[in-house]
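What follows is a set of structures for review.
Two complexes are shown next, each including chain A; its partner changes from chain B in the first to chain C in the second.
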Partner chain A sequence: MYPDVVVVGAGVIGAACAHALTAAGCAVTVVDRGAPASGTTAAGEGNVLVSDKAPGPELDLAMLSRRLWPALADELGDIEWEAKGGLVVATTEAAAQPLLDFMRDQRAVGVDAREVPAGLVHELEPHLTRAVTAAVHYPQDAQLQPVLAATALLAEVTRRGGVIRPHTPVSTVDTGRDGRVRGVRVADGVIPCGAVINACGPWAGDFARAAGVPIAILPRRGIVLVTAALPLVVRHKVYDADYVGAVVSDDAALQTSSVVESTAAGPVLIGSSRQRVGFAERVDAHVLRALARKAVGLFPVLATVPVMRAYGGFRPYAPDHVPVIGPDPRLPGMWHATGHEGAGIGLAAATGRLIADLVTGAAPVIDLAPFRVDRPAVLEAA
Partner chain B sequence: MKVTVDGVPTVARPGQTVAAALIERGQTSWRDTRIGGRPRGLFCGIGVCFDCLVVVNGVPDVRACQRVLADGDEIRTQRGAEL
Partner chain C sequence: MVVGAGPAGLAAARAAAEAGARVRLIDSAPSAGGQFFRGRPDVPPVHPKVEHLADSAVWHLESVHNGHTVRVRTGPADAPVRRGVTLHADALILATGAYDRALPFPGWDLPGVVTAGGAQAMAKGHGVAVGRRVIIAGTGPFLLPVATSLAGTGATVVEVLEANGPAGWLRAPRALLAGAGRLGELAGYAKALAAQRIPYRTRRTVIAAHGTGRVEAVTTAALDNGWRIRPGTERRIAVDAVCVGYGFTPQLELAVAAGCRLRDGFVEVDAAQATSTPGVFAAGELTGIGGAKLAAAEGTVAGTAAAASVEVPRAALRAVRQGRIFADGLAAAHPIQDGWRTWLTDDTLVCRCEEVTLAGLCDALDRHRALGVRTLKLTSRVGLGPCQGRVCGRNAAELAAGHTGGHYDPADTARRPIAAPVRLGELAEEETVEEMNGQA
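Up next is the complex of A and B:
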């Protein structure tokens, strides 16, 4: 018999964990202090990317997730899954060779990455700036609508007999005399369980601390600009090669790097910004200006397009920029699934599968040692 | 003050928004949707929803509820998403 599981957090990570756990036969309750998919899941762009990851554990996770998402998308119905591919472009002479080197390393581990000859790049993206010095096409990059995906996963959990309890804050974890998890405390009592999955995204550090097992998970602010609906002017996920540098940076100050994509509804999403400002929800005009300026640099046609709105959110990151997936050795029955930073939508499918494998004792399909909870970057910084 | 709506000369009053002038002449829709071709006009009326988009002097995606008319403006129905 598998333990009854409470998943704390009804974002895409918690939803994917609950979906995989119920598929494996676990009885699952998902609780969230707010509405499902209303936090980080609602604040992203729906990226399912392999292109932005260097060879290493996160790329392994991304490749596994990329294999799992199409079947999930088939099962879940319309989640606006689009295998549109990514196009990474360098726009300076200095950025060209590092992009091509990055591509070569990725190809060596099985990423489908293709250098686009200068004469052909505008066949892929007719409106792209002429100032391209190198371009790489990543056919595996894809996109989905994160709120649709998370709510569809949760609907399937419900169909299998799982319980979703929105607007139910969890105060702490209840432990038995043997020191194991035996429930989670909510306002009206205790939900008994044998396992708790901490899928609280950027708030996972707070929940872990409340449970007495702190982990270092911090929020990293991001803001997205939304244009009015446009004809198809951006066909792929298009981003500047300096994006990878911004993702792996440890700098707390504002960093922006252009990421541009269309959505099924027509608006173009313009990212990306990274700031460490705690949970401050302010939307700064200077960030919006920087995003707009860089997007127009990639797609000059956007200069005259109206911006309809902007939204912001918080990415959950670990100090070493590697997700935290696995059991907490300090508290038997406590599991963490967080720290996916800006890649949680893409990485959710694999994370759910791996958590289900771990909880049910199945052999995980990839090595989980790099994601373990008891690594110095996660425990000592907490 | 004279403006045109889809080429038809129309009288407007100074200070009127595009949406006000269109509604005054009995028109409730001046755009259709990108995918279904369904009619759209004034919805929120305060510049938030971006539903009342219209082409003014060749510029698409102008919010009819926010744009104050100027003499000689050429208003044109917007067909889905235009660049």
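Up next is the complex of A and C:
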């Protein structure tokens, strides 16, 4: 239906869309104003989580993605895919029951979640604090290395005949007399196409506005701490039960919840914070302190470990915290794939598949109504 | 507040104190002096009105509405307990200096291969030589004092190799005039070399180090103007240590954290040493490589300007002007030429911390089309280890640019919000904040 597709944005979302579209037979050009995979994707930790999501559309998307990633990882080669499982712990009496209730709701919709009896927690995580009041094991939680994944997806796109154009900002779309998209504008002219996928991450709102179809996508600052390389101290992805609270909150103030995990190369990642500070690049000391405090709380042995680095990025989110995936009814040929907030790495596989289904007219495997573009939170706020 | 107690920071602290400001001078070393005065008896004393915080590393810098907040850890880096304090200042002078650059070549990761600065620090600080038979290679006048220091510790300096030609100076006659004082100093070193019969050869360098477990020999070769090896000129020489020094890289993390604009990889300053960030001044090697005298002159200008009470002394301004002309001449006479990239073989390490070879780097570039610094790091692992790219960042960026034709901004590798190592437990501590107003 749309033989020529331009994907704007070569982050993990754009890469996954291009990969799925080329698999479906579309001719695809991916355009990025910078180097591919150097935006938010380069800041992502690579958690592919089901554990942090309450039953609802985002969990459906996450479950679909979790089914798709292993095959992609096989196809793509080394993207450091590791199905290591997650362990969510409560460390106060007050947090214990909400965690168990959350788990029960997730189990009801098919999430593999298992309460870990007090005596067995330290068999899973020997260095974990003794102050655990409840713990749930999520074997489906996994991780991958986002930049390797995005660049490998793009390499496959190239191999199939797709074109990647780095360092090429797209200013707007070009429309024909019929009001349909017929190309995107770049510095040296127009790249003709029948469909445009807006995969501009936290800048997706800017691109949509430039194209005349504003959507509300906002940046949310996140910072990650990286320690020196260690022998395996942390075996799963371990986090505090209050993580769940941070993900769905509307509060602009700082929130931290430490997801602590070892990476394949040895360093432990601790992240991340959530803060609404626009696109301010700064790395505030109080944010670092809050992250460190939570991590040392979970794993007291980490107190003496040197921190090598802190880095940050901007998660793209919609005001209602649900991704935006689908056609823009105001501009035929324009599609959005953005707003994945702190889960875009994990959700990329499903997003790519759904966009390919939509563009080629195939029936999507899950209900896409919750992600539609013309919902009040996305249009009215823009 | 002055960060760095080398020639620049010492002079800045003194000038600011004399202008009536309350001054704190912070340095991670146990005593003041920086690189130049390490182990020398003639270290200028810290001005009596300056509060000197020794053994104190600034690990974080934040600009706040009415000044700057720095976070400091005091105590030797390996001490079990280091004291943390958060300080506030109206004006900030950054004088964090530079560290020296090594270029990779086959065998540069062998024990016994050190940077010229490292060898100098060991010789001056501890009176220890890096080896018994030492060869020194690289570019720039800094190789000369290193040779005399090493000779002074009893090592045999086999030869000193300057990769550039002697003609470089002819292209900068103005610099020669401006730098009369510095030239005298350099001539002194050259004389000392001659007296000790240490050969000084130009257009030649070390292109490989050999040995099992430790360096036992090197191959040197003559270079053309672009630093490509002239075939047939290779020579093998037995040594037990190699010192390499290819200029200096400024210690930029605090300046980058303060949002200071850079130019050609150094902090951009105006005639008063003010950076693009209001209230932040920079002096010394951070703003360009010109030696200790220029660093001190810049410090005097910065200290007076930051105290904002008296006019900047003309003599210091003149010294800075002249010193800069000389420094520009130095830089022009000792460029780093692209040909160094041809010295490497596929299995030469580019990043020692993460053991990334040239082949590994090129593989990341080819397979993952890593077209930016961040993606290059995350696909090849270059610069992700303990040195965080301080040693390998620039080299990897240049190798990548040569391989792909792309642009890799080496300043991107200086974005390190945590400027000095801290432990997770230290980060987690409640902080002690000292509000101190009326302070430079």
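The working rule: the second predicted complex is superposed on the first by the 380 of 382 C-alpha atoms of A that agree within 3 Å, B and C clash if a C-alpha of one lies under 4 Å from a C-alpha of the other, contacts with A are read in each partner's own complex, and residues count from 1 in each chain.
The rule is simple: contacts are C-beta pairs under 8 Å (C-beta built on N, C-alpha and C of every residue); 3 or more make two chains touch, one makes a residue touch a chain.
Computed from a predicted model, the values in this text were never measured in an experiment.
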Kindly classify A:H167 by the partners it touches after superposition: chain B alone (first), chain C alone (second), both, or neither?
-> second
Who contacts more of chain A, chain B or chain C?
-> C
First (chain B), second (chain C), both or neither touched by A:V283 | second
Regarding the shared-chain residue A:T151, is it in contact with chain B (first), chain C (second), both, or neither?
-> second
Applying the touch criterion given at the start, work out whether A:L230 contacts chain B, chain C, both or neither, answering first, second, both or neither.
-> first
After superposition on the shared chain, which partner residues are touched by A:A295: those of chain B (first), chain C (second), both, or neither?
-> second
Look at A:A310 in the shared chain and tell me whether it touches chain B only, chain C only, both, or neither; answer first, second, both or neither.
-> second
Have a look at where A:P36 lands relative to chain B and chain C in the superposition and call it first, second, both or neither.
-> second
Looking at chain A, which of its residues have contacts with both chain B and chain C?
-> 228-229, 304-306, 308
Within the complex, chain C is touched by chain A residues 34-38, 42, 145-148, 151-152, 154-155, 158, 164, 166-167, 225, 227-229, 265, 267, 270, 282-285, 288-289, 291-293, 295-296, 302-311
Spell out the part of chain A that touches chain B in their complex, as residue ranges.
-> 228-231, 233, 266, 301, 304-306, 308
Residues of chain B touching chain A in their complex?
-> 34-35, 50, 53, 59, 61, 80-83
Partner chain A, residues of chain C touching it in the complex | 60, 62, 69, 71, 86, 257, 354, 367-372, 374-375, 378-379, 381, 384-386, 388, 406, 415-418, 421-425, 427-429, 431
